[in-house]
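Next come two complexes, and both contain subunit A; in the first it sits with subunit B, in the second with subunit C.
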Partner chain A sequence: MSLKDVLMPFTAWGNLFKEPVTVKDSRNVEAAPRYRGFHVNDVDTCIGCGTCEEICQNAAIDLVEVAGRDAKEGDSGLRPMIDYGRCCWCALCVDVCTTRSLGMSNEYKWVSSDPEDFRFVPGVDEKSWNDNNKGYFKMDGYDLYSTERVEMGELHPEERDKSFVEMIQGFSKEQAQKEADRCVACGICTATCPAHMGIPQYIEAIRNDDLEEGLRILYETNPLPEICGRICTHKCETVCSLNHKGDPLSIRWLKRYIADQIPESKYKEILETENITKNGKKVAIVGAGPAGLSAAHYLALMGYEVKIFEVQEAPGGMTRYGIPEYRLPYEMIDKDVDYIKSLGVEFQFGTRVGVDVPLETLEKEFDAVFAGTGLHLGRSTRVPGSDHKRVYQAIDLLRDVSYGKEIDLAEKVVVVGGGNVAMDITRTIARLQNKKFGKVNVTATCLEAEGSMPADDEEVIEAREENATIDPGWGPQEIIVENGEIKGLKVAKCLRIFDDEGRFNPSMDMENQKVFEADMIVESIGQAMDISYTDNIKEKLTFGPRGRIQVSPDFQSNIPWLFIGGDIIQGPDVIHGIANGHKAAKGIDKFLKSK
Partner chain B sequence: MKDIVERIKVKFPVAAVTFQRKDLTFITVEKKHGVEAVTYLRDVEGFTHLVILTAVDWLEEGEFQLTYLLNNPQAKQDMGVRVRIDRENAEMQTAHHLWPALVTYEQELNEMFGISFPGSPRQGVPFILDESWQGPPPYRRDFDTKQYSEDTYFPRPGRTKIDPAEHMKKKLYPEAE
Partner chain C sequence: MMLTFKEDRSLFPETGKDGKPVIDWESGKFTKIWQGPVHPGMTGNMSLELTIQGDEIMDCVTHVGYLHRGFEKLMERRRFIQCFPICVRVAVPEPDFNEYCLASTIEELGGIEVPEAADWMRTLLLEMSRLQSFLAQMGGQGSSFGLGLIGQWTVWARDLVLDRFEEITGGRVYHMHMPPGGVRSLLPAGFEARMTDTLDKISGVMEEVERVMLNNSVFKTRAIGLGYIDPKWVDEYGITGPNARGAGVPKDVRKDYPYLMYDKLDFDVHVEYESDVFARTKVRYNDILTTIDLIRQIVPRIPKSGEFMADVPNVLHWKIPYGETYKRAECTRGEYGYYTVTDGSGYPRRINVRGPSYTHAVTLMEKMAINLNIADTAGVMSSLHTYPPEIER
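== the complex of A and B ==
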């Protein structure tokens, strides 16, 4: 501190005996309607994203904890506190506010002898102007960031409904940077991502055109970026701050952009994984789906020798044998997996644990086991006729298509189910029918009414664009079979799906029935797990609701050497599998180090 | 307005013309013709009133753009004369002899953008910034307002900052390291 700083306050004493120049405002006129006075904040709408804090050029805003508001998905629970010793009433914070919760009353006159009073949380601290609705609010017609997504190129319906070529074309550098530019970098999304990916960080890397850094950030939490960059359920986008005033950021496509730009041959160098010191311990993994691959990746990085046992002929689990190629090309799965292979992870395909190799053998030969075997048994409607040989399970057909087997396709097909898997099989059948018969005749139906189908809206829209019929709101009653041939599916109007206790208990209007003509039926109403490989150790495991094995937060079962994750524990989606696999890898490491 | 522009063009080159509205036109002239242009418009074309002199910082292009906005009270018309000057050597001839008010505008641009008008009476005299101002001209786009306020003004005691993403991590998924 300089001498000047010390003496400065005393210079004011010079004014001590001067006549004060304060003028009493006797008119008490109100400020103009759009005058910028003290801030107001609709704290129920505010999500505590901190964008106001970030933009304030006077560092007048701090996000602070307020009583009674906890962090939850899409809301940090924090609220902006404003220091009026610094605020210059520029209103940048109001203009940028992602939710439009922040505004300014037109009240500017307020006297208090305590300077601390001029630092408060608008909308939380009681102020006379809190309900004042005059003042300054952001008007329509301009925005400090773009509220619209950069459009993604897609194949036209006519081009795509005959082929399995990837539909989504991916961003160019210009498009990616423009989209990345919209990010306000609040990081609200990170909590919602099951893998808690460093989303604002990798988006910043795109802005800086430093894709190698972007790749490093992706791999910190997600070793399947090509897969996730295409088919992730992108829960992050639902909580994106920008979603409040416009389109959420295309987080998923930005992730894909990073991975797409870098050839796999450069990964090891960029990710600095050329030399991994082995620790001499071995882990076996059952299932080469996302959960198993993720666990394998992180274990390999920690120096474990990892071997994956897989029933099918290729890795990827449901991402290969479920998700159709037009959404996720196989070479993209291969790219992600090839890198994991390059870390020394071994694969043994065509081997069913529990049949070809007992779990006990894995226990003996390895230090720990991770099982991520997924949900592979189709569920049947069990309506009369459902045991007919031309009633198929969606996942069985999708697997056959992945293997390149010709399926015994009919000209008229009905799919029972309204989720994403049902849309995948419907759109796959549409493509195959188009190829084989030159026309599409497939109808998907489900209990849920239009607008509340479990499938994503875009899946339903795109299925319709590809000439499939989606006729929701019907409950299957019977598969009509005449002379051994399927004639159709009889359905009744579904009145409601859940009973008063909220249990699944659909009720139908039997007066309102109809028949969907078909010579082949595909059921797609959910999948179940096959964990018969644990039969011999069953009594040592604990089972929770719906037959799920109970695991610790580290995904360790009651049998210490057995860790379990992915669809059979949580989800079902790829990113949960990845997150589970990562946590299990850390859990295995902890377990083996403490042994 | 078209004929006025035509008449100016005879006298010296006009780089660009924008007929913004029926009663508002902008012309761009070279720096060396700037004062000449406003003098001509005032003395010959009846634009006797100076509305404003302002500057825009075209940082990426390394230039400032000055705009002399003139008004013809009889014809009820406005004419903006734009002049691009180099940002590095930001200097422009003074025109304060034409309108006394320009002394103040030139003083303001001198202080806020660092543009000098040699010969103009109040160059270098503080305008709205006080004597203790230590930063660069604050209207230049490369002036980092936030950095300046953080460096110059001490933080009020008791202020705390919480990062939303970090806070959510602590509250919602503390297990992630």
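== the complex of A and C ==
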């Protein structure tokens, strides 16, 4: 101890003459810009996916209904409600928010005598910090799950431009598990899928490497996983919550992954369908497309004796005769159908109902009939020259290619249409031209402008990779015919497709015209149905707008024994067909049990 | 003339075969009193059940209280990412070590490589955490001997560090800035200048603390020779950090088992040999100066941009393969560690927290309290620097 030790403490008195550091009005101190204060939510961006609720370890978040917000495609209509009796301001909810709508303001002062105030819906309930832009939001470069898709292996354009070999190679186990890992299991996809497939559940099965469980989940709602896993229009992916800040999940390829891994010979054992008790009733199905196959599958499981009448020589409907093999190999259709056959479903091919077998016969011989006859007729532009013999319907050509017939292929072809079928025929022609002439000269044109074509973006991109020309935004005016030969398609720039009332009424800039040179034209502007088999009972049926037969939610027509579904009711779309078939099967069962 | 408490206080009572004092309640010479709980933020929610004779403690039983219990079990029932809001509460004044240790066990078991920028950020956050925790302890140490002014100064200085935490992480106490895989963000613009200003202010405060506390005859009189830790206890009881270094044992995880970026930094481990409260206070004082210097070294080396978060599996269903690991870090009180066991599921099979408070507050305090004057108990307790939630975790 020293004198210094006695004197030094008194130096503290020197602080008497310094400016005090006390904050004068602590209530008005602003928090740091990134402070984790009270929650905010952009409710217009939020889709109510519930990921915030899922991660909250305090169970401080509930998804609740909000007045004026209804569920719609891609939006559950629910919004997070925060309970500040539980919240610990960890901000993990902000970190995992799939849309980046949820954040925290840097406001931290709030006084209320009502405890209920501390449970509120951010962005909906009036709070003073709702317009505060400062606060904690997820930083770019910081993610708690991958926002990028696992790349899908596919054939290089040079490898696929002359062949019909399947171009998408499918996931390996590692790839599938990595992609499945990205799923946040929000279920927005399930709500949107017409068949309401248990998508998060089968994706979880992939993560758990339990593919048998995955197959069981697939077959609960979809008996065509190989088909659907390849060519489904994947509305689920469009609404996938990951789409909002990254790539949507490859749901379609994941579904395909499950089905691809399991041989058909094991299906009955896995799905426990080795012994089905028959109920002695019979159902006839018209058309072996997705709707008919789906209805047949579920009816067979219920014990019905099912017979499918199909006009073509093989099952699959539009999936076989409208979709090229490079997208959907025939053996994959066969795999799905063979399992359905193994359940006891009978097929009678080459039989046109209404011609070879009258509908009345089916009524007599069966307890109920389901018709899912599809859209097998093409539509014409009806522009001058469209009656030329070298003007074809895409659907007819695709069918011929499926049958292995040689088509009347020209060196210069123009396809009219911008949907997926148009891309299918364009790419098919490109392959055939490449094989036959060693070069590609096919152009697809449509009314819709670039970026708003009805075809999937990937279809357009891949068509261009295969050297097809896609020139959208033109309306066909005339097919130029000279000396009996087609010379080209005259088009005018399309200004708009729909009028002010939203009706299809295209208008053209006639000052801006050009000619696509061609020896052959293929029209692909939509398909029509052929329901001539109902001619004898037509007066008993009710027709709705666009000439479609009106059916109940069970797909029962006005004639109680006749159920109708698929593309002719709700298409064209394979997953709608499957969903229709499933619902119709349940409807038929209900109808027959109540008889 | 200086007053001391150097007289031998260990004449009575006798000790039994178990080494415990023989307390004859019938004799009427002994009284049982409870010290604490006082303040939940420091050591206060921990209570000492004291058997005294006069003002001298004959026996001591520690009770860690009911604040923040059962963290390990809570974590075992949550997904890995959900453990983070829990783990930070294991040691309220030093949440970052829990975050770092847990995150690094998950990263090792899950095979995640953390970007270098994140490692720099983590090093900064851990040193900032050490700084603010040391400052809080320094104030508590002074206050336990009646030097309230030290508390006012160091708690203000600590608040300046919390301001810097707030601007990086958005939180003042629970930062949660080190999820497995990296950090939530890099430094905000202009941070270096503000941090430098903060460190300058704290350095100024520390000069005053040295004059008013370490060169204070009253403090010295009470602290020197008080709360002696026998160096042989260090290994015997698992004593680490300043409590070991004050006893002449240079234990420091940053040097002994370098982690993060410590092997790229220039610093010394401070050792004192007297092993009393004063020696431990001096070690902590020098540690504060070292930490200030380390932060000055770290901040300019943190990248301004680039990757700061690894590509981690989806945290909502991250399953970690079977395995076990132990990760440690040097907190203000010594070795902090997380022993994590995984069984391939989405939940930790076992998380065991190795907090320095358990050994220091329970084993050591019960030993050191014997023959202590009641008035010195708080000072000794404070010099051990313990956080009760870390004990009953």
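Here is the rule we go by: the second predicted complex is superposed on the first by the 563 of 595 C-alpha atoms of A that agree within 3 Å, B and C clash if a C-alpha of one lies under 4 Å from a C-alpha of the other, contacts with A are read in each partner's own complex, and residues count from 1 in each chain.
As a working rule, contacts are C-beta pairs under 8 Å (C-beta built on N, C-alpha and C of every residue); 3 or more make two chains touch, one makes a residue touch a chain.
The structure displayed is predicted, hence computed values, not measured ones.
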Quiz item: Looking at the overlay, what does A:Ala528 touch: subunit B (first), subunit C (second), both, or neither?
Solution: neither
Self-check item: Which of subunit B and subunit C A:Arg86 touches, first, second, both or neither
Solution: first
Practice problem: For A:Ile461, decide between first (touching subunit B), second (touching subunit C), both and neither. | Solution: neither
Quiz prompt | First (subunit B), second (subunit C), both or neither touched by A:Gln57 | solution = both
Quiz item: Which of the two partners, first being subunit B and second being subunit C, lies in contact with A:Val165: first, second, both, or neither?
Solution: neither
Quiz item: Which touches a greater number of subunit A residues, subunit B or subunit C?
Solution: C
Exercise. For A:Cys49, select first, second, both or neither according to whether it touches subunit B, subunit C, the two together, or no partner.
Key: first
Practice problem: With the two complexes superposed on chain A, say which partner A:Arg207 touches: subunit B (first), subunit C (second), both, or neither. | Solution: second
Quiz item: Which of the two partners, first being subunit B and second being subunit C, lies in contact with A:Cys183: first, second, both, or neither?
Solution: second
Quiz prompt | Overlap of the subunit B and subunit C footprints on subunit A, listed as residue numbers | solution = 57-58
Self-check item: Complex interface listing, subunit B residues touching subunit A
Solution: 145-146, 149-150, 153, 155-156, 158-165, 167-169, 171-173, 175-176
Quiz item: Quick one: in the complex, what on subunit C touches subunit A?
Solution: 2, 78-79, 81-86, 149, 156, 163, 166-171, 174, 176, 179, 182-185, 188, 208, 211-212, 215-218, 220-221, 307-309, 311-317, 319
Quiz prompt | subunit A residues touching subunit B - in the complex, by the definition given at the top | solution = 48-50, 53, 56-59, 62-65, 70-73, 76-78, 83, 85-86, 116, 119, 186-188, 190-191, 196, 200, 553, 583
Practice problem: Sort out for me which residues of subunit A touch subunit C in the complex. | Solution: 1, 4-6, 8-9, 11-12, 15, 21, 31-36, 51, 54-55, 57-58, 88-92, 95-96, 104, 106, 135-136, 139, 141-146, 181-185, 204, 207
